[in-house]
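Before I ask anything, let me first share the structure, which is written out below as structure tokens.
Chain nomenclature is as follows: A, B, C, D, E and F, assigned in order of appearance, with residue numbering initiated at 1 for each chain independently.
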Amino acid sequence: MNELIGRVFNFEKTLFPASSELFGKLTTHGQSPKALMISCADSRIVPEQIMQAEPGDLFVCRNAGNIVPPYATLNGGVTSTVEYAVMALGVRDIIVCGHSDCGAMKALSDPTGLEAMPNVAAWLKHGAAAENIVSACHSDLQGKDRVRAITLENIIAQISHLRTHPAVAAGIARGEITLHGWMVDIHAGQVLGLNGDTGEFVPLREDRDLPVALAARSRFATEYAEAAE
Amino acid sequence: MNELIGRVFNFEKTLFPASSELFGKLTTHGQSPKALMISCADSRIVPEQIMQAEPGDLFVCRNAGNIVPPYATLNGGVTSTVEYAVMALGVRDIIVCGHSDCGAMKALSDPTGLEAMPNVAAWLKHGAAAENIVSACHSDLQGKDRVRAITLENIIAQISHLRTHPAVAAGIARGEITLHGWMVDIHAGQVLGLNGDTGEFVPLREDRDLPVALAARSRFATEYAEAAE
Amino acid sequence: MNELIGRVFNFEKTLFPASSELFGKLTTHGQSPKALMISCADSRIVPEQIMQAEPGDLFVCRNAGNIVPPYATLNGGVTSTVEYAVMALGVRDIIVCGHSDCGAMKALSDPTGLEAMPNVAAWLKHGAAAENIVSACHSDLQGKDRVRAITLENIIAQISHLRTHPAVAAGIARGEITLHGWMVDIHAGQVLGLNGDTGEFVPLREDRDLPVALAARSRFATEYAEAAE
Amino acid sequence: MNELIGRVFNFEKTLFPASSELFGKLTTHGQSPKALMISCADSRIVPEQIMQAEPGDLFVCRNAGNIVPPYATLNGGVTSTVEYAVMALGVRDIIVCGHSDCGAMKALSDPTGLEAMPNVAAWLKHGAAAENIVSACHSDLQGKDRVRAITLENIIAQISHLRTHPAVAAGIARGEITLHGWMVDIHAGQVLGLNGDTGEFVPLREDRDLPVALAARSRFATEYAEAAE
Amino acid sequence: MNELIGRVFNFEKTLFPASSELFGKLTTHGQSPKALMISCADSRIVPEQIMQAEPGDLFVCRNAGNIVPPYATLNGGVTSTVEYAVMALGVRDIIVCGHSDCGAMKALSDPTGLEAMPNVAAWLKHGAAAENIVSACHSDLQGKDRVRAITLENIIAQISHLRTHPAVAAGIARGEITLHGWMVDIHAGQVLGLNGDTGEFVPLREDRDLPVALAARSRFATEYAEAAE
Amino acid sequence: MNELIGRVFNFEKTLFPASSELFGKLTTHGQSPKALMISCADSRIVPEQIMQAEPGDLFVCRNAGNIVPPYATLNGGVTSTVEYAVMALGVRDIIVCGHSDCGAMKALSDPTGLEAMPNVAAWLKHGAAAENIVSACHSDLQGKDRVRAITLENIIAQISHLRTHPAVAAGIARGEITLHGWMVDIHAGQVLGLNGDTGEFVPLREDRDLPVALAARSRFATEYAEAAE
């Protein structure tokens, strides 16, 4: 038997008893997570570890490449999870979290070998903007530098997709939802955050303002009024 | 600022240094997770906690309702993540992990309020078999009992869907991939496992054999031969 | 004029009068077929002939490759025909019937020439699991042996797809619907049936039990109850 | 055991031996059917019986409502079967065959009860033109008369859909493919054929010309030449 | 700044005042266009110029290749625009308008270079029938002659697609809607019109009857009646 | 005959001769439009009139509601037209142009009556973000004020969708493409332009800078470099 699978036996004996008070509260009151994190399925990136989150803190959607398809008629798991997080749970922060050495980003950079994985190839089309931008603007980038650039642009692209989701767009316009774009660099031991105004990724540091990808922004009715002049 | 979001500042200062050796190894050698876990986005269910997994152990796909759409032309995030896990990473165990008090399962049981969440409603159609079975066979079940029954049948339904994915079907036929269906009960502090032969969910206990939903099963060429008689 | 087309002229003169009593009854009482047969469009395989069925006996869905797509949001003719057979007509047996020398299976085995038939190529993706299994497990099989293996695995794959249809899954769970997988060998003059427990195809013989692909299986409410231990 | 299912046991003992010469020829030479028939899954309508066809004569596609979706990017079973019949087998006649007392047509006429069959409801949208025409032009028609009108218009609509399939359109333009629209009336014991020029359905009689829905019609290159004037 | 964009500044100062009476009337009474024109996005083909139409005259749908997808479950912009024109505005004439030297038709004729434009390639599949017909019937046509033939056949194909839209089919059957197929030749300074009966395109001349692609044709209830004979 | 349709007879006699030099040049050299305009099919809004454009100036995509679906696997006419404009023609300005008194925007504001137009209803889901924002932020707005607000937000939403198209995103990142959001008010005789930085719509006036929705913005390779600190 797979040794990893066997560790589940300890849940009942050890793990659950140690957190029984917390689980009791979460069972009685239900969940009320503060944030939705969309990250990669990569085994090395554990959202709860990066955020030092406890059970109940973080609503988590994970898939190969931390992708959010643009809103469309044809629904899927990510769209539904975003809708549920915003409409049913009222989360106020949504984080798109990419990472270094990502297999999906390497495949976007160099699709060799994807013929055997037609669904991965199709899914990665949601990252085509990132690849197109890097190829168009910086055709000189190679290898790791190219993968890193695509990884960063992919986070920007998924933030753009997230803005097309009506529930998210309305939340931003109500001044309630903030979008974040992060990149976890497990080689450098850093988390970078996207500053949506400048388009740059900067290290997240306690002594600086947290950069945000897109800040909540209330609309005023006067903006819709017929121009007086 | 959302207090939870602020905890990320500690990644660089505290968390990464504490695991720098592990992350170094995972950066150098890449990931080689042993299992793929498909679980709910619910904030109370942290796959790595239930499995006591470390970074690098578990490839994780999470969405509202731990759903795996049946294989089809139209590709999405779950299908791609399964394909990548099997084809690119060679995982040998796939776990569909449901849980008690699941918001998605409650919505399957009673869709009141889903009109405002059309994508969630559409996504949950992938769990229609579970609801249909419980309604058809046990129309007397109510409230929590009905939700629990739907939760268990939903795990069985998603295992059925998983079998339609060619990469998974081929892995099983090669004798390499085993499917698991688990239900984490955070009220009772238990993890139940599906015994695919009997259709029953039984507690996972170290002193008993691990029940499996679908065991790997090699095919023999003789099975295809023209019947001699 | 096509000589075959011309034979229809006899319907009014000869054929209808000969069966007028049966057609009269079927017009008055409507149809109540006992089984749904999903078979290939191949001109050599006439379901009613194989079953010695009369008008009114057999609800029949035919397409290239006797394929049943997995259940999904996007509806098509096979899914609708299955749903109608189960929900409106209450059929209790569903037969997926493949056959020897099948053009669709040959195309799955060797797609040369499919470029000119893009829709056939796309449709046959619903048989990809069959091809993947045979290629993965028995890469040594060639020619007719490979086609035969794919034909058998395709029947198994379509049975897997059928299980994902909610109406079918509920019918099985109510103990009312049985699934059958047959292969008509027009060279050997044999019909083989899938034994779902062993995965083997065996000749159908009057003096033996009829093998079934998936037997009806009632669920008991106690199976959903919280484990007492 | 379902008595009907049991009749298959006779295939090997009785049926196959009686036709072994024909099956032998069909195995050796493969199939070369002259026509493609698209008819309803209804158990009372057996295409081979209506045409007095033998194994090898008729390529048959059957689904609820004898529907042919218009050609589109998203492929399905009917589209593929049509493509295979035309491109791989070279059939020269395509028959869309509706029938009296059709459950699908009744559901088009009065959708009460379709809520429980969402896929049938979606599939029948391919017959919406028929229902729209009858409702728009003859809102006074009721009951059986309305169903009959919809049944006839549905055949016309499916012929329209068939024309959008590139392989069919090219076959017609090459002067090789003829389209037929038939309605089998099992109450009156009649087969009606659509005269595409007049839009009327007339009884098929040996002593009259066979009415055709759309005759093959060769294009002349001169038709494309720049108008000389 | 793009000089063309700058011309918009004159709308307020010059253009609007000159037509203020017309715009006033169109604001007060809303639009009631007589015809829907589906033409190419090509900058050289201005529908209002060809028709000498004023604001309010012509409802216009434009896309690359003047394409109308066949009616299907999956909705898009052209289908919606047709539906709105017929159902909400009651247009009585629908014109599919192609043109000489069309980039989309050249790409249908010779897809070289389309790899970089996957969406254009997919969209042009709705013109596949045109290309198939010309290749099948007149494989000798080359260059401009081949493009011209495809352009004409594409107009015929889009008219075929238009007929599959239920609202259009019902309008024709009510005797209210007429379909037109035109080809604007900006080299010869001619507009050709499709005569649906003969399949030929002829110059539109004031002193001749306007050729129509498909004339409105009322259905009579007697056509549906059971054949008396 | 529809009087409007009859005006086409003048094309050959009057209109073409008057512009024969321009058409001659456009035939010889092909088109090279400077801008792509995406506007409504509404008969009162003639893009070439608003821009005082001549044949050859403006590549035009028109549909009900001036909608641009977000980029997705499933391709349609708008996506293809955008792709062709950017990739094949190299346009540098893309204008999304809404207008006052728009029937599509009224239907977004109040969907009463849309049941009869299911495709329009589905298409307008691409404007759901606009409706959601106005309903969420300004539930007090009624009638014309609500329609106006939705019209403005719809332009913003379509600009968001446009950003998800890879060819557009790459063009912006190369510093070559600028996005514009305009609203033509045919009652006030004004064209308003979206200032993407402030989110406000302001009158376009020759003596002021042209507001842009999203300016071209080159990326620098240094932005991708690992943070030096």
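Criterion: a contact is a pair of C-beta atoms (placed from the backbone, for glycine too) under 8 Å apart; a residue touches a chain by one contact, two chains touch by 3 or more.
Every value quoted in this text rests on a predicted model; they were computed, and no experiment measured them.
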item	value
Chain located farthest away, centre of chain C as origin (C-alpha)	F
Interface residue overlap between copies chain C and chain D, same or different (over half shared)	same
Distance from the mean Cα position of chain C to that of chain B, given in whole angstrom	30
Between chain E and chain F, centroid-to-centroid distance (C-alpha), Å	20
Rounded Å distance, chain B centre to chain E centre (Cα mean)	50
Sites on chain B at which at least two other chains make contact	69, 73-75, 122, 190, 203
Chain D - residues contacting chain C, complex	1-13, 15-17, 20, 23, 26-27, 30-31, 33-36, 41-46, 48-53, 55-64, 67, 69, 74-81, 83-85, 87-88, 92-93, 95, 100-101, 103-104, 116-120, 122-124, 178, 180, 182, 184, 186-187, 189-191, 203-206, 210
Complex interface listing, chain C residues touching chain B	69-74, 122, 125, 128-129, 131-133, 135-138, 140-141, 145, 148-149, 152, 157, 160-161, 163-167, 169-171, 173-174, 185, 188, 190, 192, 199-203, 217-219, 221, 223-227, 229
